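The letters A, B and C name the chains in turn, as written, and every chain counts its residues from 1.
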Amino acid sequence: MKFNNFNVQISPKAKIGKNVKIGDNSAILDNVIIGDNTIICNNCIIGEPLTDYYENPEYENAATIIGKHSLIRSHTIIYSGNTIGDNFTTGHRVTIRENMKIGNHCRIGTLSDIQGFSEIGDYCWLHSNVHIGQKSKIGNFVFIYPYVVFTNDPTPPSNICIGPTVGDYSQIAVFSVLLPGVKIGNHCLVGAGSIVGKDVADYQLVLGSPAKNIKDVREIKSRETGEPHYPWPYRFDRGMPWKEMGFDEWSVTNK
Amino acid sequence: MKFNNFNVQISPKAKIGKNVKIGDNSAILDNVIIGDNTIICNNCIIGEPLTDYYENPEYENAATIIGKHSLIRSHTIIYSGNTIGDNFTTGHRVTIRENMKIGNHCRIGTLSDIQGFSEIGDYCWLHSNVHIGQKSKIGNFVFIYPYVVFTNDPTPPSNICIGPTVGDYSQIAVFSVLLPGVKIGNHCLVGAGSIVGKDVADYQLVLGSPAKNIKDVREIKSRETGEPHYPWPYRFDRGMPWKEMGFDEWSVTNK
Amino acid sequence: MKFNNFNVQISPKAKIGKNVKIGDNSAILDNVIIGDNTIICNNCIIGEPLTDYYENPEYENAATIIGKHSLIRSHTIIYSGNTIGDNFTTGHRVTIRENMKIGNHCRIGTLSDIQGFSEIGDYCWLHSNVHIGQKSKIGNFVFIYPYVVFTNDPTPPSNICIGPTVGDYSQIAVFSVLLPGVKIGNHCLVGAGSIVGKDVADYQLVLGSPAKNIKDVREIKSRETGEPHYPWPYRFDRGMPWKEMGFDEWSVTNK
């Protein structure tokens, strides 16, 4: 249904891996490198040029690397100059600007707007409509829920750009804002609708506007079992690398 | 201007009603059924396949039903496996995932992101950029304003999925979050920027983070007339079925 | 890469200036007027018709004017009946409905949703995902950050439509809501996550839900210099008309 080779544009300067599918109405622009078995759905633009392209006749697109076994859903725009790992998945209408470094096994949801110049580790899941400002740094196994915004300018407008940092395994719930330069530790939970202006220690639940320390996440019970739910890697393994062996064994192997 | 049959793809397995128009650059995929007099504007995808399509060579699209007299604006994506009533209208770039049951006379605004597996009754108006998580249940005559999010996981990440429920005639104002499993009654008003974690009784105005009961909506005066504005069906009839006869007479007829 | 004349539609009723580039898969519809040296990227619709077009065989598109030296990024939809100045820039997937009057040197970011029937002055920068409701009035040099919503109906649903007003040089930070009819003065700063229901005097910082007066913006220090940062035109000149001469000299010249 989607791979009829209707109105597909592939630059002669692009390198396309084996068994890659490109959907109708998609454009793969200069210096894009796509790994084997990756699927680019319809109406995507991969290797979107920077603004300089419109002004400079000598403009050359930077390399844009998308790993193997990835699935880029329709209407997604990925700028040139990005390095993205294997097993990457996007929703629809995702925008990823330049100079991102994204690890393996990441997912970025529908309508998310990644402003570039940031790092995202492995196994991060950004749900729909997440906005990551420039100079953000996101660890591994971080889940970010819809309508979360990472900011970077403490006194707008200015030329200061200091993004937030989020440690491994942390969860940022819907409608939260991380203020410029804030550091979230490991295994934290930022509750829905929080405005986070102060650093958050490991294992803290913070909530509110401004966000305050509420309790240790290890005190939070599951509604289903009545048992502690966090650290969540002991209770949740869908899509995670510890699925077969459990988190403890995996942790030992991956130290 | 929009119906030139440029780059239009219609599956031989789709059933298109009488007097249907399909805009340029749109694709109508397998097993889509479109009612008479419906307009699909340009750059839409109707019958978007599920992820299984990319992996399973035997994949067959589920039926996707869109009723009569509907208007689907440009760049909208409607997944396969949805059942949508008559007189349906969307804004631009709407995404509707699978297994939705949507009644008649509904409107879903620009950029809204409907995650599927939910029910929406008749005459519901979702404005721009509304996010409906899975397992939500929305009654009839419910209006939802921009940047409202329905959530479903109380301890993220988990495999629990319990969506919110909203009763008939309720209004959810901009930037509100309904937390997992919360039940909003009939004729309620959730004020702007509320985080709603507790059930809301019929006719309640709630507001704040966390949302608290403020007053009975019947005590709220219109800025225009100084008279009570709620229950709103007595003061507002644009596009409503009681337009000609008034809400009381219509209610009697529709009991 | 983007200007191959693939699948481009230009109405014979459009007037295209000198040295204009139109990207692949874009449509320029009836009665659009595009100034010299403007670039329309790919997959855009310029001159989107109003709903009446779908019903009325006599429908005629209103004029749609886009000034000189503008850059409209991909997937943007601009309705007919808009008047937009020179040096206009958009991000991706911007939607601008009818009857907007937008000045010179404005920028509207990715995913922003401008509902029409409003005025925006000169040198306004709307970042990603800004929602401007109808009947809003925005001065000059106003910067609006991601996920800000301007509302207009105090008792939804109703037929009342009174938008907010924002004075010159004011800054509205991420995740803020301006409630119907609120007036923000000049040189104000609305802090992140504020719900603003009361008018804001010139030079005020307001913050919170509901937003309260915090202090005079001239008391806010820059994190970089430790010196006062506001009024910001003395500290920030990127893209501003006072870049060469300084704000004081420019102000004298432009009185």
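As a working rule, contacts are C-beta pairs under 8 Å (C-beta built on N, C-alpha and C of every residue); 3 or more make two chains touch, one makes a residue touch a chain.
Given the structure is predicted, the values throughout are model-derived calculations rather than measurements.
Enquirer: Looking only at residue numbers at the chain B/chain C interface, is the share used by both copies over half or under half? Answer same or different.
Expert: different
Enquirer: Determine how many degrees of rotation, between 0 and 180 and to the nearest 5, align the Cα atoms of chain A with the equivalent atoms in chain B.
Expert: Superposing chain A on chain B takes a rotation of 120 degrees, nearest 5.
Enquirer: Express in whole angstrom the distance between the two chain centres, defined as the mean CA positions of chain B and chain C.
Expert: Distance between chain centres: 27 Å.
Enquirer: Give me the residue numbers in chain A that touch at least two other chains, ranges are fine.
Expert: Residues 7, 25, 43, 75, 93, 111, 129, 147, 175, 209.
Enquirer: If we count contacts the way the header does, which residues on chain C are in touch with chain A in the complex?
Expert: Residues of chain C touching chain A: 1-2, 4, 6-7, 21, 24-25, 39, 42-43, 71, 74-75, 91-93, 110-111, 125, 128-129, 143, 145-147, 171, 173-175, 189, 192-193, 208-209, 220, 222-224, 229-230, 232, 235-236, 238.
Enquirer: Given the complex with chain B, which residues does chain C contribute to the contact?
Expert: Answer in residue numbers: 7, 9, 11, 25, 27, 29-30, 43, 45, 47-49, 51, 53-54, 61, 75, 77, 93, 95, 111, 113, 115, 129, 131, 147, 149, 151, 154-160, 162, 175, 177, 179, 195, 209.
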